[in-house]
Amino acid sequence: MAYTDTNNRDKAIEIMESRGVFIEDIAKITHVIQSEYYAELTLEECVRNVMRVLDKTEVQNVIFTGVALDELCEKGLLPEPLSQLVDDDYSLYGVDEILALGIVNVYGSIGFTNFGYVDKQKIGIIGEVDKIGKEEGKCMTFMDDIIGAIAAAAASRIAHNIINKK
Amino acid sequence: MAYTDTNNRDKAIEIMESRGVFIEDIAKITHVIQSEYYAELTLEECVRNVMRVLDKTEVQNVIFTGVALDELCEKGLLPEPLSQLVDDDYSLYGVDEILALGIVNVYGSIGFTNFGYVDKQKIGIIGEVDKIGKEEGKCMTFMDDIIGAIAAAAASRIAHNIINKK
Amino acid sequence: MAYTDTNNRDKAIEIMESRGVFIEDIAKITHVIQSEYYAELTLEECVRNVMRVLDKTEVQNVIFTGVALDELCEKGLLPEPLSQLVDDDYSLYGVDEILALGIVNVYGSIGFTNFGYVDKQKIGIIGEVDKIGKEEGKCMTFMDDIIGAIAAAAASRIAHNIINKK
Amino acid sequence: MAYTDTNNRDKAIEIMESRGVFIEDIAKITHVIQSEYYAELTLEECVRNVMRVLDKTEVQNVIFTGVALDELCEKGLLPEPLSQLVDDDYSLYGVDEILALGIVNVYGSIGFTNFGYVDKQKIGIIGEVDKIGKEEGKCMTFMDDIIGAIAAAAASRIAHNIINKK
């Protein structure tokens, strides 16, 4: 059986929700990024674009992989030294950013700037997830970068579409 | 006025044709890559997928930039040391590969393997363009990587679509 | 004759200075990024690290290429539609960000976040260069991304070295 | 305690050896790539360059992460649908290539072509690892890309050094 994107999109959404992250939370970050350029942009439009980003196989696969690593870390199932690197969200770990780039790339390089910005400023749910990740027994090392990457990709998608419609 | 993707797609095709590179030449490389996996794949299907890759703004912009650099080099309008780096297709120049990645990225990382393969093996028109680029007064430093990147991106697009249709 | 990195490093510095961008300006951005984590970080240390980033062949080649495109644009030597895309620093152009990634990559993916942040916030000289680029007859489309990328790469280099020395 | 690169390099080598992959196997691939350009290149020189690639924090972290995912897959500890995607080395999974790029990037974009070539042609140990990965109960989805990426990065390192010494 081949995976279909729609089945796996729903599965990816379900997995993120089980970790406390909802589509609307991500869409709000996209709205912060893009409403600066398009005052009329609605949250609904952002939700719709986040959903389209989640249709992409590569985006789904990064979510499956990153969230699994966060959860395996919480359960103590990662070997050392990986476990400590992921648990501490060690600043030189880097694999979380590499995976995030796999998402941002899909809508072109204009997303990189926005990804860096929301990640550094910990906009919206990214800040909340970051705090949860610091609690004992919790790990959100991949999740915060995944959220930032999806939000930035959706913002790029909106920019491409709005300009092309003009 | 905003650029529309379709106008710029036609412009990108025209620019490549003026350099001796036709859609069908690129589609043939895609066919070499993907017919190994899907015996029934036709050249027409490859042409159609190459066209869809060329619809992407980012792909068009890489073509405009790379071909302009090749042409400015031929006309002696690049400053030193850039002129010599580009003219020699200097193996450590690297900017041609960086630009190509901007194209390959658009259909996800599974394209990288195919890009490297067709580029190294100089499949089809890539080998011809490479030879032309070595002639006195000719420069095809960016063109060969651009061709390989478009062909690899189209192959990725086909792989995604065939599997999702199953 | 083969290019040596040191010769080309000095050439790259010279080219940036001719466009009004000095090593110390870039080092100041690196200081903004990294002094948050290492209070004792001096500007001299940042200058030293920016210089080491500039030792890299790939970084030099991106500078040669990007600055040449800015200058050719000012001189009206770029063909259409590239000229308009570069002159307007068109938000969907994307090739400037692609080139910048070629620089950031060299010190690993932890630099992406900082690149996005300083680019979006237009920290220090990036803001000044951005303003100059908007003047009639001026083009700084590649320069601002190149500065942000070098500053972010130098910050990554410092992070790697400080942690490894502990 | 901070991780030091040398400790983690030895740990990374140990982990790869426990999976049947030895430095010399990787160095042989580097030799295949680069001896075409430098007839006098020895296997020892290739081993030395592979070791230097393994000094890099980012490379070590990709090894820790990728091999852990392969092993967790073998142990049945990955959740669905990730387990099936990794176990089948599903052609659209893509995360294995994304991680490999994190390694190749470290020595610049000239490594991409070689990575794609050795990966597609399954040169040396890559072919053997690929076969083992197809056995019941075995998973080498990340390992083959990691090997190709390290070999390609070492080849880039040699190319940079030889040219700069001229």
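Read from first to last, the chains carry the letters A, B, C and D; within each, the first residue is number 1.
Keep in mind that, in the parts below, a residue touches a chain if its C-beta (ideal position, glycine included) is under 8 Å from a C-beta of that chain, and two chains touch if they have at least 3 such contacts.
Model, not experiment: these values are computed from the prediction.
**Q** C-D versus A-C: which has more C-beta pairs touching?
**A** Counting C-beta pairs in contact, A-C comes out ahead.
**Q** Computing the C-alpha centre of each chain, which chain sits at the greatest distance from subunit A?
**A** The most distant chain relative to subunit A turns out to be B.
**Q** Using Cα averages as centroids, what's the distance between subunit C and subunit D in whole Å?
**A** Those two chain centres are 30 Å apart.
**Q** Quick check: what residues of subunit B touch more than one other chain, meaning two or more?
**A** 3, 57-58, 92, 94-95, 98, 101-102, 108-110, 160, 163
**Q** Looking only at which chains touch which, which shape fits best: line, ring, star, complete or other?
**A** Contact map by chain: complete.
**Q** Okay, in this complex, where on subunit B does subunit D touch?
**A** 37, 91-92, 94-95, 97-98, 100-101, 108-110, 112-117, 119-121, 159-160, 163
**Q** Contact residues on subunit B for subunit C in the complex?
**A** Residues in contact with subunit C: 3, 8, 11, 57-58, 61-62, 64-65, 68-69, 71-72, 77-79, 81-82, 85, 90, 92-95, 98-99, 101-102.
**Q** In the complex, go through subunit B and note every residue touching subunit A.
**A** 2-5, 56-58, 102, 105-106, 108-110, 160, 163-164, 166
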